[in-house]
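The letters A, B, C and D name the chains in turn, as written, and every chain counts its residues from 1.
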């Protein structure tokens, strides 16, 4: 098999060297991320259901979830949700196979409930949030087989493309890590920090501004002083974290929209702005690599919730990111790498219409020096395209 | 105050003496009863919320709940719900008072969840059943005050009537007790019995036929023999119970529609037929006294879920039943008593347009002998009309 | 075939001769009636769809419809609906037959839209009212055949009963005709009268009180004088109508809850109280004969929306009413007649467990004189039980 | 006022000169575009409602709409929709102002209905599609004034950015025009072409491949030959159109996934794939300039449906596009221009944190030559920032 793999010079500076850089990450408690996470977790549960019951993944797609915000009345020491958040899980799924009824609706609802319990622990299921599901009957004509025994390479179901890049710039790294660390390490000791952490990074030359919006949970905040301490703690933590990743000047702002005089602060009952007026849906937030990067090409495809067996948009976005990471890890001399995979409908997905790696090399390195190595890695990764499917089903890959 | 209370002879035989009698009771797990119970429990929760927060009951009404049946795949030893039951709690409620937001939606949802957990324990919330709520903004103009300190007698909000009767006939007693005892005493030792027990009693002369439809829970039933034993146990229990209440001939049938050859039996995952195709709504099942009695006048008013402070249909149905029971308890010589209360819109509810007691006296008793006593009791009960409201809010009265 | 038909004396006075009589009718624009009418019209459309497509009526049931009230801001000369009424059509239906997809959802929605356009003409579809549908997959196991060629007598699907009576009393006639005439003859010249006309009749001895609540449509009412004229017109019309049916004293009240001083009048945008806070559902209003009659036994079964082929509750309620009317029409000397039909699950529906006619004869007439004639008519009507199904599908029978 | 406007060299080739270029446009009938168009049209209707009723635009946001696909059974000569498409319009809106109720729900529904009638004419409202609305109560604290008399410059409500570019490359132009012309000029004579036209352009060097997926409407297609003609007509039209915009080699494919042998063709009842399995939501399709352009930076912000008075993501995306177009129109020597606007929360929106124009100049042109002119235009456009709001409300700007 001869794959159409092209390697060329990326005709711009590395993003790290550009004058202005903007990067954003919506934390797992952001309304859009809630939808992404929930859709992906429903997707995984359905894949697993199909594997358990019929030995292979059947047709489904759950990449649409609509969150309608609720209303809340937060208060120091603990307020309450007044109107619940409403979440509608939307999609298609095969509900019957070989005469057997498959509990796709119940499975989707269970996955949603379990995901919410883990991701937004302060949200009381069935009171603070109502989850409903509308899964249409899938077309059932999914011919591609991803089963326990055989893992065929499917045909592309669409003309679509995926794009990935590596390595992350300092600003990208800081933005990504800020959210990840706040919601894990930091949260472990600071229950007052809600999961709705939004991080915006802007770099102008050698100055990085990190703006964090962090929803505080009222039950753990006694008064305004307490709140102010909570904000300060977050800022200091992020400053420390940023210094580990850059020597540039870093400035961190947390909850800049607060106005203590007016009593306008970012206090919530459940730790997410979805409780009060912020709607959300799948695919409107972070891209497959966890970031929103206006300095780089992005795919509009929602990655979360899609069927990982044959949805080419999902597979190529995850795979191009994976390829970019593998290449920069294994090949020296790459300052900035961008990988694009373009499918052609009806062609096996391990043979993209074009696989295109564009590189900004480090000083003194020539594309010709590394081209063969890059092609080889890309070729191997394409040959193992079903590995993406496997990793998605196993939950080893993050999609947002 | 001079109340319009009329006592007269009921111009028919006592129902006990009629040739044919039909009585029905839908158990608490029947789809219509689920709606009744849920609506009433939401109503109680809202009354309590208002009393707790603003010291008086505000305008609300939750006497509409729609249950859309699910789909299930029961199996000996334990099957599964395939499509969840969907329940929509409908009504109006005051959401803001004196500038304070009142969590009526969350309160309604919590009440619903807690009620379901108690009434249909095998139903997994959020997976086997999805509950949503649509409470419109109440008009907020409820002038009647039922608060901690003052309990005014409100004006009738409608032209409506209530009807009650007493004492229960033997058949009525057996039908009522059959469901109550099966779902309490019997269930304590027989987890295989689901709460969806429907009892139909028919008496022709001195022969009483009791037909029971009892949903069995598959997790506790290993095979067809086991199922057959479960059915037999129910029949024997009901036969024993019936013999305690009558000397007439009694015949008991349980799950008569079963066809063992065809494998058609009444096996369920959750103990309610709502899991498979049986929809339900408020006010379509038992009347306020817990029975459906085609031999007697009935009110079409749904009692469950209505505001107990001023909803005249609810109050008069409960009160007329209460009056009938009080009168027959305290006054000797009554073989059959029927009480009707008719309101007139805009008049205080303790002054019905007409309160009308019709009596079949025992042999040798004349209406004139007991008329004064009857009037006195009715008068006293009307004077204490707000007692109904109090008992409803405290949960001391069953509405279905 | 030997049907179990029993004729006996009704052991009470004719309702016409009782001291107190209460009768109610909810007009077609009442929220409960809207649900009844819509459910029945959806049912008819599905029957027709099945007949057209597969030549016989398949399994379905649409006897649940939930109406959630909207909010409106009526104003002299024309106000507006602020929040739409929401109607959820609920039920089960067979969606696929012999490999062919049947458009049950679209058919149901079209029937609903057309019904609303006719019944509540001022209601703008899709703006003032949103209709959604949840029709579960029917069990598909309906063996009974009601097709173009063959019309088998089905087996009873439940233990249930129907009850009918005739002739109507004067009060019943007046109440029924008041609503019917107001919504047809009168409306033709008075577009200001909305279809939500509720009529309550009370007779004490020889005095009949008719209380009418009539929703006026604001677009046709310019000011309070205009409104007052509209109310007066209705009262005069009803007074005239009543006088055609009785020699008793008649008193008519229209919109008695109005308070002109306070500006509290019954003005609506669309002619139904569903626009402002009044929810509704199927089976909570009029019985199969179009009335609510607390002086008479009633069935709790919702008649509207049920499958007319084999739903015994529907068939027996309509049939018992039909039988009562036929008998009193053809047999002289009947002052009051009550017919009850009781099914037994699994038995052909033309052989009820018991068909029971109870009669109050006119002076000088003995039951024995007419018994044979009554039995014969009942027998013939039972033999033609599928005629009910046919008339329902053709829309020749009203169910509420 | 001194705006932070920066002009610099764009450190890459013009997209026109890059080796590989990918461009996509989802037509107005694509499920995602339906949501975009509907959300924007609801937004415009609400702006207009507020202006009409209270003289200024109040707080609202309707940038979330979820479309749940239906099911259809297309057939040559005319098939039918079997399960309706379900559309949920989501957002917040101020429902009361100064004691007056504002009909936001009804207004939203009317706008949705009118938009669908225009955009997808074959879709029968209320039968083929059900539209519901969930608009939460807005916070009501929108201080910014955009009224009839005064048009203040509001403060940014978020830290966000917009990005625009100009001029369009040949491929971009062809992709954009293909959809626009097919859905207007071509459609006028070809009713068989549905509005769900998806166009993908790929350029490798000097060869442009245009792949069109065009939903055909079955009522206008009699058989496979007819269908084949319809496809051929589209291809020839697009080939002609493309030749008007480029001298490069152009290849056009239409409905490449068709398999005539298998009878698998792109035939629909309503002209949109939403009728059969394709869900959609706002903000997942075309960016503000009508294209998806992986070769260029894009904003993830949904532009459609957002409040145009103060939603910075919407305003800055539209304004940056508008600025890019103005600059390239008025200034000579620009081969590729990219404009980014970054807001800072709390700052007036006519003073972005940074306005950044990056330019690829034509041969022989130096940035210094044109910098002043560019700055001047940007400055003027920023000064007229409320012009964007005005154009959006007037419907003069497309957002997708």
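To be clear about the criterion, a residue touches a chain if its C-beta (ideal position, glycine included) is under 8 Å from a C-beta of that chain, and two chains touch if they have at least 3 such contacts.
Model, not experiment: these values are computed from the prediction.
The set of chains in contact with chain A as well as chain D is empty. Here the C-alpha atoms of chain B line up with those of chain C after a rotation of 180°, rounded in steps of 5. Centre to centre, using the average C-alpha position, chain B and chain C are separated by 24 Å. Chain B and chain D have Cα centroids separated by 56 Å.
Separating the centre of chain C from that of chain D, both taken as means of CA atoms, is a distance of 51 Å.
Along chain A, residues 71, 83, 86 each make contact with two or more other chains. Chain pairs recorded as touching, per the definition above, are A-B, A-D, B-C, C-D. Residues of chain B touching chain C in their complex: 6, 8, 10-13, 18-20, 22, 61, 63-64, 66, 68-71, 83, 86, 88, 90-92, 134, 136-139, 159, 161, 163, 200, 202, 204, 211, 256-257, 277, 279-285, 287, 292, 294-300, 302, 340, 342, 345-346, 353-354, 356. Within the complex, the chain C residues that touch chain D are 71, 73, 80-84, 86, 95, 101-106, 109-110, 113, 125-128, 130-133.
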